[in-house]
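Please find one structure pasted underneath; my questions will follow.
Think of it as A, B and C in the order they're written, each chain with its own count starting at 1.
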Amino acid sequence: MRHLAGWSAAVLILALVFGTLGAVAWRADWSGGLGRADWLAIRFTLWQAFLSAALSVAFSVPIARALMRRQFPGRGLYVALLGAPFILPSIVAIFGLLTVFGRSGWVNDAFGAIGLPDISIYGLQGVVLAHVFFNLPLAVRFLLQGWQSIPVERFRLTESLNGSVWTLLERPMLVRVLPGAAAVIFLICLTSFAVALTLGGGPRATTVELAIYQAFRFDFDLGRVALLAVVQVVLCLGALSLAAAVPVGDGVGIGQDRALMRRDRHLLDWVWIGAGAVFLGAPLLAIALAGIGGLGDLPSVVWPAALRSIVVALTATVLSLGLAMALILWSNGARWIEALGALPLAASGLVMGAGLYLWLAPLAPPAALALPLTTIVNAAMVLPFAMRIMTPAYREIEAGYGRLADSLSLTSYARLRWLVLPRMRRPLGFCAGLAAALSIGDLGVIALFAGTEQATLPLAIYQLMGSYRMEGAAGAALILVALSFGLFWLFDRGGRIDADT
Amino acid sequence: MLTLDGITVDLGGFHLAADLTIPQGDRVAVIGPSGAGKSTLLGVIAGFTPHQGRLLWKDQRIDGARPGDRPVAVLFQDNNLFPHLTIARNVALGLRTKGRLTPDEQRTVTEALDRVGLSGFEDRKPAALSGGQQSRAALARLLIQAKPILLLDEPFSALGPALKDEMLDLVAEGADASGATVLMVTHDPGDALRLAGHTIVVSDCRAAPPIPTAALLEDPPPYLSAYLGRRRPLDEAAKTSG
Amino acid sequence: MRLALTLTFCAGAAAADPLTVYVPDYFGSEWGPTPAIKAAFEQTCDCEIDFVAGEVLTRLRLEGDRTQADVVLGLNTDVAAEARELNLFAPHGLDTSDLTLPIDWTDETFLPFNWGYTAFVYNADVISEPPTSFEGLLEMENEIRIVIQDPRSSISGLALAYWVDAVFGEDATEAWTRLEPKILTVTKGWSESYGLFTNGEADMVLSYTTSPAYHITEEQDETKVAAIFDEGHYFMAEVAAKVAGTDQPELADAFMAFILTPAFQEIIPEGNWSYPANLPRDQWPEVFQALPEPATALFYTEEEAAERRDDVIETWRSALTQ
């Protein structure tokens, strides 16, 4: 049974990643290889991902350190809110960033008032800024976890030896944790689409995924689509193996943390904590302010779209967690199976959607396919995150209770029922929240296939913007954010309530 | 002489009061129920725990000093070694935390390792050592620090009885050589008897002044006998077999 | 709506075979023209019409002759050649000699239903002296912020590439190079650009001469104005076509004919914010009649457009990646 479920999940993932690519390649008229523009896109993709990862981890060090050193009211909330940008739908986040950093945004207004020149959010700097906004909090959480992994005794020992916390504890920890965090962020930024689309500012800032979109949508050059998709897979697998070589925790998993009285504090801590709060909080505030204005002007289309989005998100969540569970139970620690779960990270969502569409189009009318396709692709895209969080949790359970369960002959369903599921409630709840939030906010492949009758909320926002309804779009965006955060909170909370530690 | 003068600790719901004196060079066990505040007492002396009242060493106040500047060296229950540093480097941290070691200092480290029976282990990482060997390495560093007060917070509780006794003897030997004052938290009255002439009982939010260990165990006050009651036969057994 | 959700999610509707019409997103939304068109057409027959909104051309390419569409709406003159290559369409068989277009129309497959001119729309509160020629636009100071669309992903962006090509010919690269410092950003589609313009991020946006009509009609806002250039403006029309493999040829023909009737054409101006293709000027809404109009229509036939496409896009791309 376990093998059957595991095999099915593995086959499904391989089919989703490579089968869809094959379907696209099979339909292609092959004409020539990569052009100059494609090589520029590859170079830009790597460069922006590198910069985004480097800056995210660079800024995360002082912020995480300040958070570890300082106690203040609302610190728990601060740490919890660090999870917000990561699950913020990118279409909404960009809107918030523009309000703050745009040409007529808050920052430039302030700069203008004191006679400083304008800053531009478009181009490389805009893409990197948006990526840092999304990933800096992720890096901070990775680091908080790293800091927390240092036993309190070592801090005390260092103090009593009059040693330097930085050289004896923090630097070795960072050397261990930073490369992994950077690799994960690099990977996430490699497949960036929506950010580069809006903030790229022209042909100079084209990512591979964006080039895939253009080749598909406009030239319908399936050969180039397939080629670029292969390039993307190769780039990502490279980064994945890099990431696999260095250990990482599940940085997204930290909610609360214990505090430690630290003596090596610096006044600059407050500067970093404040700067982090402003940088991450201002766009969120902007979204809320703009959205509240638009709430009165909500077109009726928003509600059915929201309902569809919820259905898609919940179905994708169940699917994704099911796949993850099947793989994890089957893997029994086998690394290659776990790696399989990370594979969709390397795939292009657009190629996945298009390939599925080519497969399934003979079977059903396109209108009927839009939502199921979106659901499947979303489920695949969040699978790597689910695997990353659930795998260590499962290993810990098996390490701690595996032998006891074996001696009691707890196998298959009984083991799942009495050991694995109850003990995994928290990570499962967290994963479900993450999966639901990420898939509800994804514009993704639905833009290629769906019309109004199948529009999800992100697509409805997009369509509202396309019909001059900016206020309505802002209102709908706020509802999307509320749904995304709400679902996350519900699941995460559900996993915590009554979960014995 | 180490003096705790009107010391009170308030950690939001947890309280501890201590008013006591420990003569210089004395070896004192700290016993009491779990959660009574044994480690907290050591934390006050080491400088990890905020408190009210005065802490004096040789009639000088030391409660304002940073942990590293106090005349105190500490051994914790675990995590006494940095996992990313070699054993030699870990021990050397007891001498200096910055810069290279002088040849003299290097010799001191080698001797310290030799004394605890770890010659030849200099370049290994802690993970490559057994639990007992790790304890010895930590002990080597404690002794090399040459501080007049040694605080031991159940450092050997994970070791077997024979190994533990060996460690206690090493501590006693080192303390005798340097004349250090020792405070050791333990759950085991046997340890108290073996190492310490006096014992501080921590219970009911209070650390009592030290009294002779033998007398205490002969005729334990009610709260202590309730705590010791279940353990006694085991300890007797351990003593006779050890 | 809830019912529609369950149906499309599970299997798709399979009622009494409605006429399936593919339309672009902006056309198919509930505030677009489709609800009115649906109501008007269904009055003329005992039938049902089903609008499927999305990427029309992409979808047709993916589906090929398996397509469910009976009629498609919203293909653009600049990509008509590629659509024609799909060999999916049947002649419309309608008389197009009296169309109200600034150009002659003789195409027997594609039937235009609305049209417009590409234009730079500016915020009159910010720009007090708008350019009156393309050359004038290039001469504006570089502090001005213009948003345009990517010709590789947007039909209006492509129209601009043709426009620059038509006006500047061999000097197109130089024109783009002079325009480049004023370009705030290049967006994927028209929507994003226009969003940046309306929320004040940009002073000027690549759009259509008819865009101000929306602001005047719906918002009583007359500060959004199209700059009219002496060199002329690039013309584009949106066309409809009947799918050859339709299983309802009569109904499809009826709808194609309906497109040219006043009942359909009167919906276009304030439904799709563009000029109707078969409606005399005096029957347009007053706002549209009052809009300033370019003196010259620049236009590439679909053969010219197909032939020049790679060149104009490469000119744009290389000038902007310098």
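The definition used in the following text is that a residue touches a chain if its C-beta (ideal position, glycine included) is under 8 Å from a C-beta of that chain, and two chains touch if they have at least 3 such contacts.
The model shown is predicted, which means the values in this text are computed figures rather than measured ones.
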Touch-based graph of the chains, sorted into line, ring, star, complete or other: line
Middle chain, criterion being Cα centroid separation: A
Of all other chains, the one whose Cα centre sits farthest from chain B: C
Euclidean distance of C-alpha centroids - chain B vs chain C, Å: 82
Gap in Å, rounded to a whole number, between the CA centres of chain C and chain A: 35
Distance between the centres, which are taken as Cα means, of chain B and chain A, whole angstrom: 48
Shared interface positions of chain A, touching two or more other chains: none
Complex contacts: residues of chain C adjacent to chain A: 1-2, 4-5, 8-13, 23, 25-26, 28-32, 51-55, 57-59, 61-63, 66, 68, 82, 145, 150, 152-153, 183-192, 194-196, 198-202, 214, 218, 316-317, 320-321
Chain A-touching residues of chain B, taken from the complex the two chains share: 46-48, 50, 66-70, 72-74, 76-80, 82, 84, 93-94, 97-98, 145
Chain B-touching residues of chain A, taken from the complex the two chains share: 151, 153-154, 156-157, 159-164, 167-169, 172, 261, 263
Residues of chain A that touch chain C when the two form their complex: 37, 40, 98, 102-105, 120, 122-123, 197-204, 213-214, 216-220, 299-301, 303-304, 307-308, 311, 354, 357-358, 361-362, 364-368, 370-372, 447-454, 462-470, 473
